[in-house]
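Here's the structure we're looking at; comments come further down.
Chains: A, B, C and D, in written order; residue numbering restarts at 1 for each.
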Amino acid sequence: MFTKPIHIKLFFLAVLIAALLLPLFISDAYMFQVVIMSILFAIATCAMNLIIGFTGQASLAHGAFFGIGAYGVAILTKAGVSFWLALPAAAVMAVLIGLPVGLISLRTRGHYFAIVTLCFGVIMWIVAGNWIELTGGENGIFGIAPPGDILVPLIGRIDFSSQAAQYYLALAFLLLTLWALYRIVYSVFGLTFMAVRNNEALADAVGINTFTTKLISFEAANFIAALAGGLYAIVIGAVSPSAAGYGLTFNFLIYLILGGIATLSGSVIGAFAIPILMESLQFLQDYQLLIFGALLVVVIIYFPMGFVGGLRRLNQIIADRRRRKKSEAVHVSG
Amino acid sequence: MKHLILPMRMAVIGIFAWAALSTNALAKDVVIGFTGPLSGPGAGYGRDVLNGIKMAADDINKGGGITVKGKKYTVKVEGLDDRIDPTIAVNNARRLSSRSKARVIFNPVFNTIAPLMQINQQKTSQFLLMAYSSTPKIEQIPNDLTVSIPPPFTAYVNAFCDMAWKKGWRKGAMMVTLGAYGDEWREAFKHHWEEIGGEILADKPANYYTETDFSAQLSAVIATHPEFLLIGGPSEPTGLVIEQAHNLGFNGGFVLVDQAKMDYIADVVFKGDLSKMGNVIGVAPIVGLPSPVIPEWNKRYEKEYGVHDTFEALLNYSATMIVVHAMEKAGTIDNPQAIKAAFAKVLPQDPTKVPTPFIGTLGPKLLITTTAGEIIDGKYTKVNQYVWWTKDEAAYMELLKSIPASDNVVTSWLPLKGYLQ
Amino acid sequence: MELFLQQVFNGIMFGSTYAIVALGLTLVMGILNIPNFAHGHLYMLGGYVTYFFFATLGLGFWLSLLASMIILGMVGVVMERVVFRPLTGQPPINDFIAAIGSLVFLEAFALAVWGPQGLRITNPYPETFQFLGITMTVQRVLVIVAAAALIVGLHFFMKKTVLGATIEAVAQNREGAMLTGINVNRVSAITFAISTATAALAASFLSPIFMLSPSMGAILGMKAFIIVILGGLGSIPGAILGGYILGLIEALGGGYVSAAYKNVFAFGALILILSIKPTGLFGKKEA
Amino acid sequence: MFLAKSLTKLFDGLAAVQDVSFEIKQGEILAIIGPNGAGKSTLFNMMTGTFKPTSGLVFMDGHNITGLKPYRIVTKGMARTFQTTSLFDQLRVIDNLMIGYKWRTGLGFWNTLLHTPKWKAYQTEAFLRAMEILEFLGLTDKSEFFIPALSQEEQKRLAIGIAMMGKPRMLLLDEPTGGLIQEETDRITRLIQRIRDQGTTVCIIEHKMQMIMGLADRIVVLNYGKKIAEGSPEEIKSNQAVIEAYLGGEVHA
């Protein structure tokens, strides 16, 4: 009932192999960096997709939870905790902090929910900039060491200060995220998220506890966002309030919408395409943001469902037409 | 799900097309990189820094460029905007070092300096990081390829305290900008001021970057009846604070943190009317600096860039000069270690050629005197110049010879803990 | 006591600005259902346009103010037509993205035209006077008076004019209004124009006191959003009350407790109020 | 099986429903009728937990379910549809149905993430139930369609199907044939009869008198928020108060 045709599976396999082999073709530290960061942003955007895209609750505190992951890993590793412990711990921390936030903000709906979560996000951002003892204030926490070398059978020693190792680490988490989201989204349980987004009253009437559903989605998104943030901390090596800011939330939102909301591949495509677009607009210098702002408006007008959504819509129109023709043919013969 | 093939394919094509667009610097150029805020808050500051670097490159190129191992090179400056976002800053630095082969990169904000110090020693993309930030935190991170340009702000703290004390001020109140820099400043100032016997009556920081009306905090600090206010952040809002304090009936003096420049405020905010500023202690006005080339430099700078000159532009101008001359002396344009090692050979700089000459190096720090100035009754007074790194009088007297002097400048020794050699 | 009064005065002045800016936003958000996150940036643009007429062309303060309101009104019409009207029928989150695109554009535009350095127009009324032991400047009093005048004016406009009644009708029932022959598109354009013109008005009054910079609209825009939600979406009295509440919270919190956490008070108050009343102070029951 | 005891709902002090009591018996079709604004929907919403009654009690199988949230009431064996056809219009027909079965299963977060054996069993169970309902509705060939591609009538059927998914013992239908033409109405009527024949009790709100008279076993009539009559279709037809409330002729319209 939720299985994909074989050629799609083969295509994803090909993409996976390409992704695994990519480091062989990138010799350039710059492109490597952009790709690694895009993977991290893709993870966070996928998480945002869960709560905004699939569950329909515009959580604008997402950047703050990314920040909790980043600060969590930074603080714990600085205190001597191994990265491999610090990362899940930071993510659990995000879930714990997310609980009161969710309990309060999920009482509101629509624009109200967006603004309440934005407020929570801004508050956490301000706290990050001012709780000097814990977060280092505006300077943040710097000199965060990458995870220690680990010994892997067959491959040998992995040194995480190299870009290739960071790439595979990030890729592994992206695949893990996509795997988890795939399982959730293409299931009856995932349908309840979409049911809440689509028609909350009806979902309620058919026995779905909408509040709990939203809370689970919110918390799962926070958990994953924090994982992405934790990875960010070791890739960048320094964490300052901008890693927890609302600017980050807006970036994720742009990736999400332009890539294609409520589609798994859309988040990934958005998180790759937009930063790469921004990088390639660097030559415009002072006019970079001018052009980007205008582009954003034009794209949202002409591709309201984003890139993947647009293609999907096209596909659907064609399929519907074909189906209609077929049923007409049946009527004629019958 | 066929529809997914197209986007994926296009994304892959996109990545490779973009990769193919790599632009290598021309063979005869030596690229100096810059990443910093050129838009958003801090844009003015970032542009001042970049302008200084650009002007140095122009001056070098006008003189025929540099000669390294017999080959002639033109200095090319590539400046990228990072909006103080660490992600973009790292991308920019990678881009500058991988694509443009820049081996020297300037950055003016600690939040982006720290992540750059994480990557500048990686074998695949080494570069010399020219960090323009006065926080001592830079020296806490071990890094052989970082140079910090400005004097530590604590040198200013000591200098300003010294001047304020001599004026007879005892009771102060603080309303400094929020943020890392402001936090460090007010803490250091409070500590030092109380150490020498002064008193701080109130401490109400304000956000100079996002707020523009300071009356709430100002009323609170003024209500404690201080003799002077320690204020400052970026220059323009600092000017506003002075004006608003006067409007609220404050008649005391002001001490400005080193980010705020009194001449800039006087010229830009008060349109040159010094009398509107009251009594002010702060970083010396540029016109008061001892170097003979200052007036000419000033004029050229303002003509070229259409903005008031600042210390940021001056010090980065001088630092860029050090870098390119060190390249000549080291005989390499792409070995950052060798370039840094050659700094010693081009220092001290000649005050008749460079407006703000550096004297030497101390660990990762370039050494330059701190200069403090004052406005009394609508006029600039003489400039105080402080040597802060010599550990004894004798070393100071020895150093005096290489320090620029003029009739308008009083030089003295103000040892700064942690930096004495 | 004097200190307290001074803070209250400052709070009222802040609040006046917030009220005007939020008023414009609540019109657009409540009536057109457009979460115009770029509202703060329109305010910023209004300030720069006033600067252009006042400082660059040398017009007087009041003329510049008028010119700025007219130009921003036109900007509002254009923005509604070009950016938001094509998005009709799309999910609100798309309006939000378009608004982010617009604000990025506006900020980059101001940066390109006027540069990053702060600009300010000379204060036309810099005189200070003492009242109840607190110091005031005429310009600041003017801000408060202008805000009050605008609020009263807008109230009469909405209640006593045909156009105002039409706008209200559209706000209450868009489809219904369309059926009675109201040209909804025209009403949308006019509402947007009023919204942006009031932002320009606020910016004009404040530009002698505050520095203009391309990024100044961001935090104000966010606060306006918060006030609109605080007061209840589309509620004019809510926006006004919310504006003054926020101004006072900030002034008192910033003056007495901690400036660093000043915005935490403001945003925290919103969370508190919404956790008690999920649709804001004057919100309709089910939004 | 179901009992409403002096239900009252006040909106801003005005009574939308006042002191209404009635009973629904196992296996019958009970219709609630009344002119527009009589309080039918408000009554319905109180029965299903959407509104909390200002006063009065609701019982299901002798259990007090007053004030329970709608999603809890469903688990007591009562399902409902909405007046304006309410579907998950962004999803496919089959998805719409499967959502309706979720509460009966243990398809939670962890089961789904880990694909436990339980998950597999439940997922199959839900799918089979959906296929069963599709066949019952006569929509088997449209299971992959998105909602907008369905006809008005098909949508109405699907809405009933979603409510049926969770195997309710009592079904509450809010104007199931609103906006349909006679032919379609007849088909829906037959569907409702088949539902009842399967043993499900039905409570229905309807405007169409003719249809109700033929379908219902008993009728409750509301006017101005009060119950003015209760009885078999024949009794209602001849009830003076009802005729007056409908201004005479309309009952037969």
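By our rule, contacts are C-beta pairs under 8 Å (C-beta built on N, C-alpha and C of every residue); 3 or more make two chains touch, one makes a residue touch a chain.
Predicted, not measured: the structure shown is a model, and the values here were computed from it.
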By mean Cα position, the chain sitting nearest the middle: A
Centroid distance [mean C-alpha coordinates] between chain D and chain B, Å: 73
For chain C paired with chain D, centre-to-centre distance based on mean C-alpha positions, whole Å: 47
Centroid distance [mean C-alpha coordinates] between chain C and chain A, Å: 33
Centroid distance [mean C-alpha coordinates] between chain D and chain A, Å: 40
Set of chain C residues in contact with two or more other chains: 107-108, 111, 260
Of all residues in chain B, the ones touching two or more other chains: 38-39, 178
Multi-chain contact residues (two or more partners), chain D: none
Contacting chain pairs - touch in the sense defined above: A-B, A-C, A-D, B-C
Residues of chain B touching chain A in the complex: 1-8, 11-12, 14-15, 18-19, 21-22, 38-39, 80-81, 84-87, 90-91, 94-95, 97-99, 110-111, 114-115, 117-119, 122, 124-125, 135, 137, 141, 178-181, 183
Touch list for chain A against partner chain C, complex: 52, 58, 104-105, 107-112, 114-116, 118-120, 122-123, 126-127, 129-130, 246, 250, 253-254, 257-258, 261, 286-290, 292-297, 300-301, 304
Of chain A, residues touching chain D in the complex: 1, 180, 183-184, 187-192, 194-195, 197-199, 201-210, 216, 220, 316, 320
Contact set on chain B toward chain C in their complex: 38-41, 43-44, 46-47, 178, 204-207, 210, 212-213, 215-217, 219-220, 223, 234, 236-237, 240, 247-249, 268-269, 307
Contact footprint of chain A on chain D as seen in their complex: 48, 50, 69-71, 74-75, 79-80, 82, 86-91, 94-95, 98-105, 107-109, 111-113, 115, 119, 122-123, 126-127, 146, 149, 162-163, 165-166
